[in-house]
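Right after this note come the structures.
Shared between the two complexes below is chain A, which has chain B as its partner in the first and chain C in the second.
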Partner chain A sequence: MSDQEILLSVRDLKIEGRADETWNPIINGSSFDLRKGEVLGMIGESGAGKSTVGLAAMGFTRDGCRISGGSVVFDGIDLVTADAATKRALLGKRIAYVAQSAAASFNPAHRLIDQHTESPIQHGVSSKSDSEADAMELYQRLRLPNPEEIGFRYPHQVSGGQLQRAMTAMAMSCRPDLIIFDEPTTALDVTTQIEVLASIRDIVEQFNTAAIYITHDLAVVAQMADRIKVLLRGDEVEEADTRTMLSNPQQDYTKSLWAVRSFQRELKAPVAIHSTPVVSVQGVSAAYGKVPVLHDISFDIHPGRTVAVVGESGSGKSTAARCITGLLPPGKGLIQFDGESLPADYRQRNRDQLRQAQMIYQMADTALNPRKKIGEIIGRPVEFYMGLKGAEKRKRVEQLLEKIELDPATYIDRLPSELSGGQKQRIGIARALAAEPKFIICDEVTSALDQLVAEGILRLLADLQDTLGLSYMFITHDLATVKSIADEVVVMKEGKVVEQGPKVEMFQPPHHPYTDLLLSSVPEMDPDWLTNLLNERGVDNIGDAASAKI
Partner chain B sequence: MTFLFQVAAYVFALGGAAFLFRLIGRNITDNAPYFRDMSAGVAIGFAIGAFAIFWVLYTYLVNFSGWWSRDPASNKYFFFYVAIHGLIIFAIVAYAFRWLGRNIGTEATKKLFRQMPATASFGILVIFIYAIVSIFAGFIAPYGQEEVLKTANLAPGADPAHLLGTDQIGRDILSRLIYGGQNTVGIAFATTCLAFLIGITGGFLAAIKGGWIDQILSRSVDALMAIPQLIFALLLMTIATAWAGNNGLLVTLYMILIIAVLDSTRVFRLSRAVGLNIVVMDYIEAAKLRGETLPYLVFKEILPNAYAPLLAEFGLRFCFVFLTIASLSFLGIGIQPPLADWGTMVKDLSTFLSYAAFLPVQATLPLMAAGAIALLTVGVNFVVDWMLQRTSGLKE
Partner chain C sequence: MNSVLGIILQRLGLGLLTLLVVSILIFASVNALPGDFAQAILGQGATPEAVAAIREDLGLNKPPITRYFDWLAGVITGDFGTSFAQANMSSFAGADTGKGGIASVADQMWPRFKTTLFLAGTAAAISIPLSLLLGILAALYRNSAYDRFINVSTLSAISSPEFFLAYILILFLSFLNPILPSLSNISEGMPFLDKLYYTLLPALTLTLAVTAQMMRMTRAAIINLLASPYIEMARLKGVSPMRVILIHALPNALAPIINVIALNLAYLITGVVVIEVVFVYPGIGQLFVDSVKNRDIPIVQACCLLFATVYILLNLTADIMSILSNPRLRHPK
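Presenting the complex of A and B:
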């Protein structure tokens, strides 16, 4: 790579953001070089400034931010001082951007191909018919189904993974020298993620395009990047070749990032044969209106155990949870709690039945009322179920805050917006604990969090289980999480239970083909993992390979 | 032809000025991005603005003849002066008020005033003054609103005992303006509160319950909204007046009810839409699963999150209600005489408008009542705009 000429050179880049009437530094001097055809991975927690640096590489800052120093030299032009006309000529043509959420970034009112051809026509690169033909070729190279036809659909008619590939195709439309990928696979399922990763890697190689790949997932960046740069709160931690970085990280922070995936609970003794399950789901089928979602699912959750329910989005995991809580009364089947049948609709359950089963939500932002103080949020179930008031209630809330490892004096009078994502999730846990339940449903509780923070939450949940004897139903699509916390695993697909059993058995062959696909799709830290996997599956078209296996 | 030439010359001069302005700006600031990337439209806008300011200054200075001149020669510019002086006074007062707010009070209110644009502090000041004047009308007004004094048609300033003069039957106009504020603003406020009570209750109920309750409420609201509001109000008021007979208080009460119900349809629509967005949140689901009752859900979980849009709507709705009452009074079926009210005052004093050429000062009298309405409307909207901006800014 080093023989190629330098395409982008960022020197001592400083960016400031405006808050409370003053400019605060966001990026304190970032420097890197990017050669032609090279892929630079940029990783860090949320708030580390990855996206801000990525956008600044195009000479752009978000509203309320400004570049306060340094230079961004792209092919001899300093984008920091360049005028609008110069930048207009570069952006879209020689520098392109792929956003995190393709679904939110495509204009829903126009066909894909019309959005694709807009920038080649605008920049005078090619005519409408030429760029349409080119779009179809790119769709083919990116392994989109029906490349001749798919461009004429509207964004909502295409799946998330396909949209993300269509957006990559769009970024390629002018054959740019540099593409910035801002978390392009974060919102996707593991099985879809592989398809997108492979397509992006191929096309970047084919056209010798340089790329900046922004992500918080180490395993993903290991597959994609030639070099990796680690950021922490606007500071550079370190930068090195991918293999060097993975095998021999220098800084403590980088080592801690690498260590996250090592959290593992010790195995528990198998469940006694005659023990009564806390929750027993028996032959449940359910539908939204007339659309059937669950087909005859059954599983048990035993006291003090964690049952992980895994599957892609749309597989019915969350619907199963809604049936257990009674939000969606099942059409057929039974929900038993401690051996007794529960009324199907939550409105018919009594207060004690409601108290015993609590829920923790994926998005802590929408799960906590933004207008209520932490003390009120946790205090309400204490008051509602336990009848505690005034000083007693406050004391109980303080105990709960200590349990979730937050300082009561600091946090009890804050609003949710004054807390970080991980802290909010802890408040969600405290609210569930306040009801003193036996059983808690954790719906994707860690998937919106950074890895370090997520690990903290998992450890907390594990500790609480040990001390309070709780049972968890742990809904997730992340198999790494399953490995670290589950005792038993239920694999779901299209509303059916495909396979279930103790974790040890589940992670050892032989698998059900679908479980196998899920397991093998989880990115590993090995930089050759993707290449090997593709060779192993042995087909160019990964999408076909995936469906052929099932 | 000469006219065309004139227009062409102006356009040419404007374009030239704009071009020069941009060129000079670029040279002086050493090609700062602001001037470098300035489009022609923006430059022309600057030129037009400069021209307008120049024209105002020129007209003002050349024709100035005293602060409150009755000189017939300057009649042509009488209202121009009133406008300019009013603007200057209001601007000074607004800045003084903001300065006070920034330097007096607790840390929180100081910060609030620091972040506030001048327009918003002006709006707050206007509302504040109106509130004081309306509440203490009985103490402030020199005469009663129904009191008939000796001299009719007294010009403003002619008698120090009647600062704004008297109307056709000899009532003190200043006192009637002050009482008019109490009546009009008070009734409008009561009506808006009632409209919100009805609208919010119905809207949130429809949002939470959905199904047939939502259908019934929404379709009835649609039916009410399908009839033009003012005409419908007129119709209902005619019926109400017939029922009430000569009882002025009863007519006012009917008016409050009628306008409140008609305006609550808009509040219903908004609170239903806002409510629907909040009802799908996980914290509502958590509260439902906890076993909370409907009133708790509405008042403790949903309402606090709907304050911002509802408060903004309250400001706007208040203006509309206020204007509807003034319109009805102007048409003679709103607030009944002898109660003073701004809408009626505009109507009663409007004959003076015909004499604007000879008696410019008297001609301002109907405009004072109309101006009182306009000023409050503008003030409330300034505050509402600011609140909307603040809440949308917080949401990011």
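Presenting the complex of A and C:
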């Protein structure tokens, strides 16, 4: 790589964001070079400024941000000082962008192919018909199904993984010199992610395109990048080529990132044969309107244990939770609690039955009322279920805050907006605990959090389980989380339970083929993992294609 | 497309139901008006016998429920009844029926409604393109001096009473600079251009009254979308700012814009009473005002029903067009 000429040179880039009427620094001086055909991985937790740097590399800042210093020189042009027309001439033509959520970044009002051909036509690179023919060829190379026809669909008619590949194809439409990939696979399931990763890597190699690959997932960046740069809260931590960075990280922060997936609960004894499960789901089928979602699912959750329910988006995990809580009365089947059948609809359950099963949500941001103070948010179930008022209520709320390791005096009168993501999720836990339940449903509670923070939440949940004897239904698509905290695992696909059993058995062969596919699709830190996997599976047998065959 | 057809049929059904409810309200409130036609026409000194005779003659002494159903049955078959005061009305333009002097309500209203439609149509043809253009430009140059100027001036226009706007326009365009006539007494036989010439001043007044809402909704609906990821994507593809707004934002902003346009169109047709009076424009608004004065119940009822129908139809059209502007419904999976 070092013999290629330098394409992009960023020097001492400083970016400020506007908040409360003042400009505050977001990026405190970032510098890097990118050579032709090279892939630079940019990694860090959310808020580290990865996307901001990525967009600034295109000379672009979002509303409320500005570049306050430094230079971004692309092929001899400084994008910081260049005027809007000069930048527009480069964007889409020589520098392209692939966004995190293709579903949100494709315009819902236009067909894919019309969006694909927009850049070539607007920049005068090729005619509409040439560009359409080229789009079909790119779709083919990216292994999209029906490449001749798929472009004529609207974004909502195409699946997420396919859209992400269509967006990569769109970025390629003018054969740019540089593409910025901004977390292109974060919103995808593991099996779909592989396909997109493989497609991106192939096409970047074929056209010798330089790329900046932004992600928070170390294992993903290990597959994609020649070099890795680590960012922390607007500061650069370190930069090195991929293999060096993985085998020999220098800085403490990088080392801590590398060591995150270390939390591991010890194994519990097997469930006693005649013990009564806390929750028993028996032959439940459910539908949204006329669309069937669950087909005859059954599983038990025993006292003091964690059952992880895994599967891809749309597999029915959250719907199962809605059936248990009575939000969606099942069409068929039974929900038992401590051996007693519960009314299917939550409106027919009494207060004590409601109290026994609580929920913690994925997005703590939207699950907490932004206008209520923490004391009120936790105090509400304390009053509703326990009948405590006034000083007694406040005392109970303080106890609960201590349980979730937040200082009561500091936090009780704050608003959710004054808390970090991890702290908000802790408040969600405290609100569930306030009802003194036996059983808590955790719906993807760590998937919106950074790895270090997520680990803290998992440790807290494990401690609470040990001290209070709670049972958890832990819904997740992240198999690393399953490994660290589950006792039993239920694997779901298309509304059916395909396999279930104790964790140790699930992580050892022989697996159900679908479990096998899920397990083998989780990226590993080994930079050769993707190459080896693709060789093993064969190109036509990855991701969606493999999933469809099972 | 079946789902779209289903939604449209459902909306149509709801529209008819609304119209039925409105017909009850109209009938009830018109009957609740103090005084009646017999009293109004005979004056203070009328003998009770004479009043009773006229009431008997017009069917006013039947119970209200019977009268409502008689009226409804007539309306459904297209017969809106006979104007109580048709003899008094024949002096107005367009009321000449050629049927020996007895003018049905429909015969009286139709020419008036056509002239009102002409005025509303002229105002719409000016105001809709104008407010879309102003709105798009305001979105493009948001927070600029132009944006502020256009916001302030359209808001001032909408905040002033219409008769005031009308007199200001008359002052400047027909008194100080005699460009346009201040009296719009058009008649059916006039050539199109003459009609347009006489209609222009009231149409301009109405334009001033409705532009602000449509322009501001266009601006807001577009700006609302500018933070969405697909707009950022379009910018990052090097698309020009004008194209970002026209091709990427506007198609997704249509639904709210269409709805505000429909509301304003309905206002143009049903809310023109004041303007018609100021410019002596022989439209349905004047007929309506005269009929209320004369307690000419069949015409008042028919006018109300016509206004309600216009409102419901325009909103129905807006609903259907907003549905059609959503690609998810036009192109199901």
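In the analysis below, the second predicted complex is superposed on the first by the 542 of 550 C-alpha atoms of A that agree within 3 Å, B and C clash if a C-alpha of one lies under 4 Å from a C-alpha of the other, contacts with A are read in each partner's own complex, and residues count from 1 in each chain.
Assume a contact is a pair of C-beta atoms (placed from the backbone, for glycine too) under 8 Å apart; a residue touches a chain by one contact, two chains touch by 3 or more.
Just so we're clear, the structure is a prediction, and the values are computed from it rather than from any experiment.
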Between chain B (first) and chain C (second), which, if any, makes contact with A:83: first, second, both or neither? first
Does the superposition put A:141 against chain B (first), chain C (second), both, or neither? neither
Kindly classify A:359 by the partners it touches after superposition: chain B alone (first), chain C alone (second), both, or neither? first
Please indicate which partner A:122 is in contact with in the superposed arrangement: first for chain B, second for chain C, both, or neither. second
Touched partner set for A:156, first chain B, second chain C, both or neither: second
Of the two partner chains, chain B (first) and chain C (second), which one does A:105 touch, if any: first, second, both, or neither? second
Which stretch or stretches of chain A touch chain C in the complex? 55, 58, 60, 62-63, 87-93, 96-97, 99, 101, 104-110, 118-119, 122-123, 153-154, 156-157
For the complex, which residues does chain A have touching chain B? 21, 83-84, 325-327, 346, 349, 351, 354, 359, 361, 363, 366-372, 380-381, 384-385, 431, 435
For the chain B and chain A complex, residues of the former touching the latter: 33, 36-37, 114-115, 281-283, 285-286, 288-292, 301, 304-305, 307
Show which residues of chain C lie in contact with chain A when the two form their complex. 227-230, 232-240, 243, 247-248, 251-252, 327-328, 331, 333
